[in-house]
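See the structures that follow.
Each of the next two complexes has chain A plus one more chain, namely chain B in the first and chain C in the second.
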Partner chain A sequence: MTELIPDTVENATATPAKDQPYDLLGLKPDEYQQIRDILGRRPTSGELAMYSVMWSEHCSYKSSKVHLRQFGEKVTEAMTKNLMVGMGENAGVVDIGEGWAVTFKIESHNHPSYIEPFQGAATGIGGIVRDIISMGARPVAVMDALRFGAIDHPDTSRVVNGVVGGISFYGNCLGLPNIGGETWFDPVYQANPLVNALAVGALRHEDLHLANAKGVGNLVVLFGARTGGDGIGGASILASDTFAEGGPTKRPAVQVGDPFAEKVLIECCLELFAGDCVEGIQDLGAAGISCATSELASNGDGGMFITLDNVLLRDPTLTAEEILMSESQERMMAIVRPEMIDAFLAVTTKWDVEASVLGEVTDTGRLIIEWKGQTIVDVDPRTVAIDGPVYDRPMEYPTWLDALQADSPAKFARATDGDELKKQFLTVLGSPNEADTDWITNQYDYYVMGNTALHTPDGAGMIRIDEVSGLGVALATDANGRYCQLDPYIGAQLALVESYRNVASSGATPLAVSDCLNFGSPENPEVMWQFARAVEGLADGCLELGIPVTGGNVSFYNQTGDVPIHPTPVVAVMGSIDNVARRLPSGWQDDGENLYLLGVTADELGGSAWAGSVHDHLGGIPPRVDFTAEKDLAGLLGAAAHEGIVTCAVDLGTGGFIRAVADGVLRFGVGARVWIDEIVSRDGVDATAALFSETQARALVSVAREDDVKFRGLCDGRHVPVLRVGVTDKRSGELEVQGLFSIEIDQMRSVHRGTLPAHFGPVVGG
Partner chain B sequence: MRVGVITFPGSLDDRDALRAIKLAGGDAVSLWHGDHDLHGVDAIILPGGFSYGDYLRCGAIAAHSPIMSEVIDAANKGMPVLGICNGFQILVEAHLLAGGLIRNDHGTFIRRDQKIRVENVDTVWTSGYTQGQEITIPLKNGEGGFIADDETLKRLEGDGLVAFRYLEVNPNGSLNDIAGLRNARGNVVGLMPHPEHAVEPGFGPDTPAAMSSGTDGLAVFQSVLAAAVLS
Partner chain C sequence: MPKVIVEVMPKEVLLDPAGKATARALQRFGDGEITDVRIGKRFEITIEGEITPKLLDHIAEVAKDVLSNDVIEDVLSIRVAD
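Right after this comes the complex of A and B.
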């Protein structure tokens, strides 16, 4: 083994002209110069490693920062009154009452999941769960929002099997219920799937922990898995660059996950919190030790001294730079008072978790790292973690957008007879984006922990937080890349209101938002315009609805070659419910209940599932957003659930009214007879629009006959337009759309369930 | 009655098992894999999960953890011991139950509401059911395929040691649709499906009557409590 000679600060000062591979580490020439200006010398190789990962797009948000500020600016006092921790920490924390708080966040792991789908997706779950633990919370559920290429493309099965297998493996082994999510297929994601993982955790108010290093003399402890050579440069090289055709394989930059180590780490952390052993804590994810030390120091007393030799290694040949950059999974860094270190180590020993003291908190304002007795890093940590470059990148209105919006689906002839409409209904129902995802979700455990109140296929997932009172939270994720391609401002708002409506339809009150913004290259001015419009739309929408963005993640460079993905801002909404026993499923179970449509229907088929699956078309303008109507609808659903006068609620989204009816039928296999005449006459639309239009602010509810009068009164009192559109029918075994068509439930089910298995293999017991 | 639930590193359904005991009316006691101490419990549950990451073979490492020497001793003296999923795998690895459990024949993890038949009610964990009763409880595993050599299989069937059998769908390729076993004495039972996930209305499998209302698993825990009263 050759002796590793560290590049020291002394050496860097003495050899200012040394050639440094900043470009290979993803830094631009002017960024490298900026580092030299900050330090007043060239960086050591260790410092260069740290700056390169921390100034990467993935870690620094350098292209998005100027836009993301709106989430902090467009808020009212009412919006932040329940917010215990806002954006900028590992995850936002929301007070849900009774002394409980909830923390949740959604994050991307897109690029690793294309290169190595199984490990990429698995470590995506692992990373987001560690963010939740870092806040002092017990993780209680996960969800995932997935985007794959065309369902019939030869490579899609590899990615789908790997990603689903990875989520299943990691999430199930962690013992976290997977309560929902969404899956879309579209050729724009062919060589760039999206894997967005959400985790939610619960904590008592007093258990809140933050990522800061305070208290001079407090110890800096690294614990969990050993540091190895996996994921080196993942942040800078992988997440912040596009996949160039014919380039070298990037597999070594993907991390490998061990869910067992993470499960033990969760329990170990919770015991450390309970024993008051921890002052500050930070998980190690992107940029590993570089990120944890610089962020902890920046957010605390400003200084830290670390001896890198104390890092426990899986591979003793790692260089200092590699140790600083390694993205080995299942590691945490804690700040511990010296008098608590024995108690701390007793807990880690109990859980067979390895720990080592790396150094201590100082008030020098410098992050100093020693290796082999010499100083290899001496920086102001804020210049690494906070004051990185910020770009206000050029934006351009897309040259193709006007033509796309002008290409309205109004050009397609509308069917009038029942047979044709039935055929179109089945086409929509079996289309890849509307099809049943149980091939995926029955690989996920939603029972573990025993608190799952709603789960797939319900529109939102719901978890009981307090086993005595029944207090719980509901979560939904949504994004519609097709809408966003047509109009990113409206598209982002549509993702928000859809997710908001899903949560409201479960009976919960929407409280807060986390977003994962997936876009193409920020260096493409048209993509940057899409991004800016989407952020603006989302921020404006949150202000209208009165729910704050508490955190999230930006993923740029999602494209293959020169073709960016559709803008895909995935919006997760979290809401609370006093007692999960009052929840509403997405389907009816009893006979003879009235079905009511809430909201009005317009002819809005631009970007719709109908246009996409029946006509293979994307063009026109997406549905309008009406925040007042959304709030009224949500208020009504919450009240109706609370008073127990509706038995189910299905939100109307893609596929429109008939898709919601199908959901309601398929949820428990109970049929229905519905009619659209009054929708047609009241709203002045044709049968196609009545069935398939994607007008927002609508929901379908079932009401037991004895509650009819009360329900109508509630609608009148809250000014929500309502029409009786059907009755449930337990005996017929079919769905009848009066005057148009009838279809057996079994046939609907086989169309709906058959699509994914036809491409990816049979469903067990299917 | 005090029923202990052992937490191994990687146990996942330990909290669920503790809750199930409480809902059945028993005193639930947490036990730690590293202790050589059963803390005076009257019965023991080995919960589901991925003990020790299921490295080597599912349940193989846990079967050699410190507390298992006490568990094996107690089981041989007649103490009620239940293994659920990973716990079943541990009991098999500890030779308290016969056969082996391998990767599902279809190769993937599967979670479904599984119909099973109670094949034998002469055990302390199944006495609360009626012979041949059909119940639905959640199943969730990646390695639940039961195997045994012909001779063992013949003995298990001949001696009435099959405790539960899959109905309608065999979810993992188990021989003879075997979902769970008992020992000859009837104090040790193991099964792959999860009775502890079907004990509380609102959080169990769907039933024709109401969403998530299935509590078919509760009788497993009530059985052992009733057995204690009788003994």
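Right after this comes the complex of A and C.
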């Protein structure tokens, strides 16, 4: 083994002309020059490693920053009054009452999940859970929003099996319930699946902790797994590059996760917080030690001194640069007062977690890292972590968009007879994006911990937080890439109102938003235009609904070759409910209840599931958004749940009215008789629109007969249009759409459930 | 009938959680001198007929594409059993 001589600051000053591989690390020539200007010399190789990972799109948000500001600007005082921690920290924290707070965040792990689906998705769960731990919260549930290529493409099964296996492996081993999410199939995601993982945690108000390095002389401690060669430059190099078609696949070392080590880390961190052993804890994710040291120092007293030799290594041959960039999983960095270090180490020893003191907090304004007795990094940490490059990239209205919007599905002949409509209904119900995802969700443990009140296939997941009072939270994620392709501004708002409605339909009150914005290359002006429009739409929408964005993540470069994915801004909405016993499931259970449709129906089939699955068509304009109607509907559902006068609520989304009816029937296998005549006559639409239109701000509810009058009164009082559209029927074993068609529940179920297993095989033994 | 043995190991730079757990268990049982364990896979492939260079090439391909995940594992050796 040859002894590697580190590139020291002294050496860098002495050899200014040395060639440095900045381009291979993803830095542009002007960015490299900027680093030289900041330092007044060439960077050492260690500094170059740090700047290159921290200035990558993934870590620096350099292309999105100028747009994301809107989430902080378009807010009112009322929106932020429940917000204990807003954007910019590891995860936002929301006060849900009774002394409880909830922290939640959604983050992408797209590129690693294409290269190595199992480990990529598994470490995606691990990473987002560590964000939650670092806020001082106990993780209580996870969710996942997934996008895969065409369901019948030969490579899709590999990715689906790997990703779902990875999520279930990591989440199930951690003992966290997976309570929801969504899955879409579309050829645009063929070589670039999206794996967006959400985690939610609960904490008492007084347990809130922020990650910063304050207090000169406080110790910097690295603990958890040892540092190895995993995913060196993974996040940055992977996330800054796209997968070219053909050619050798780019396959650098990915990270391997160890969920049992993470479980121990959760308990260890919670005990460290409880014993007041730490000032703050930062998780190590993308950019590893580079990120943790520079961010902690920037957010604290501004300086830090680190002896890199003290990092415990799994592989002793690692170079200093590799140690700085390693993305080994299950590691945390803590700031500890010197008098508490013995107590700290007692806790880590108890949990069998290795820890080592790397250095201390200073007020010099410099992050200094020594290795083998020499200084290899001497930088202002803010220039690494915060004041990176910011780009206001050029934008262009897409040349193809007007033609796409003009290509309305109105051109398709509408069916009038019952048989044809029945056939279309079954086509929609069994289409990949509308089909039952139980093939996926059955691989997840959704009841572990015993606090799950709702889970897939309910529209929102719900978790009890306080076991005495019954206080709980509901969460839903949504993004319809087809809508966003047609209009990213409206599309992002549609994702927001769909999630909002999902949460409201569970009986909870929507409180806050986390978003994961998945787009193509920001260097493509048309993609940048889509991104800007989506952010603007989402920020405007949040202002209208009065719920703030608390954090999230941006994932660019999601494309294969030159073809970007559909804009996919995944929006997660979190709401609270006083008592989960008052939750509303997404299906009826009793006989003879009345079914009511809330909201009005317009002929809105652009980008719909009907257009996609029946006509293989994407064009026109997406449904309109009406925030006032959404708020009225959510208010009504919350009040009705609180007073116990509705027995279930199904929100209307993709697939429209008939899809919601099917959900209500299939949830508990209780049939129904419905009619659409009054929708047709009141709203002036035809049968196709009544059944399949995706008009927003609608929900289907079941009401016991004795609560009928009260329910009608509630609708009148809150100005929500209402129509009685059916009754539940426990004996018939079928769904009847009066005057059009009937279908047995068993047949509906086999169509709805058969699609995924037909392509991906039985779950056991995959 | 002749057999071909294929050995696959997790890549050296990557974490091997099962190996790590095993090493720690052995250390707990008092095996202080054991510092590390890595766990791999061994395939015994039975062949009908003669083992030709062409067949070994084919097995090498199968080992790379199917028996191992070349993102996180290496094919360590392919040999004919004695």
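Methods note: the second predicted complex is superposed on the first by the 755 of 766 C-alpha atoms of A that agree within 3 Å, B and C clash if a C-alpha of one lies under 4 Å from a C-alpha of the other, contacts with A are read in each partner's own complex, and residues count from 1 in each chain.
One rule holds in what follows: a contact is a pair of C-beta atoms (placed from the backbone, for glycine too) under 8 Å apart; a residue touches a chain by one contact, two chains touch by 3 or more.
Here the structure is a predicted model, which means the values were calculated and not measured.
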Room on chain A for both chain B and chain C (clash or fit): fit
Touching partner for A:E498 - first (chain B), second (chain C), both, neither: neither
Which superposed partner A:E630 touches (first chain B, second chain C, both, neither): neither
First (chain B), second (chain C), both or neither touched by A:D283: neither
Angle at chain A between chain B and chain C, C-alpha centres, nearest 10 degrees: 60
Partner chain in contact with A:A225 - chain B first, chain C second, else both or neither: second
Which superposed partner A:I115 touches (first chain B, second chain C, both, neither): second
First, second, both or neither for A:N172, with chain B first and chain C second: first
Contacts of A:D144 with chain B and chain C, given as first, second, both or neither: neither
Per-residue contact with chain A, leading partner among chain C and chain B: B
Chain B versus chain C as contact partner of A:Y446, first or second or both or neither: first
First (chain B), second (chain C), both or neither touched by A:D258: both
Chain B versus chain C - smallest C-alpha distance in the overlay, whole Å: 5
Residues of chain A that lie at the interface with chain B and also at the interface with chain C: 258, 260-261, 352
Contacting residues of chain A [partner chain B, same complex]: 165, 168-169, 172-175, 258-261, 263-264, 350-352, 442-453, 464, 467, 580-581, 585, 589, 668, 761-762, 764-765
For the chain A and chain C complex, residues of the former touching the latter: 115-116, 119, 225, 228-230, 251, 253-258, 260-261, 314-315, 328-329, 352
In the complex with chain A, residue positions of chain C that touch it: 10-17, 20-21, 24, 69-72
Chain B residues within the chain A interface of the complex: 9-10, 12-13, 15-16, 19, 34, 48-50, 52-55, 106, 108-112, 138, 140, 142, 168-169, 171, 194, 196-197, 200, 202-203, 206, 210-212
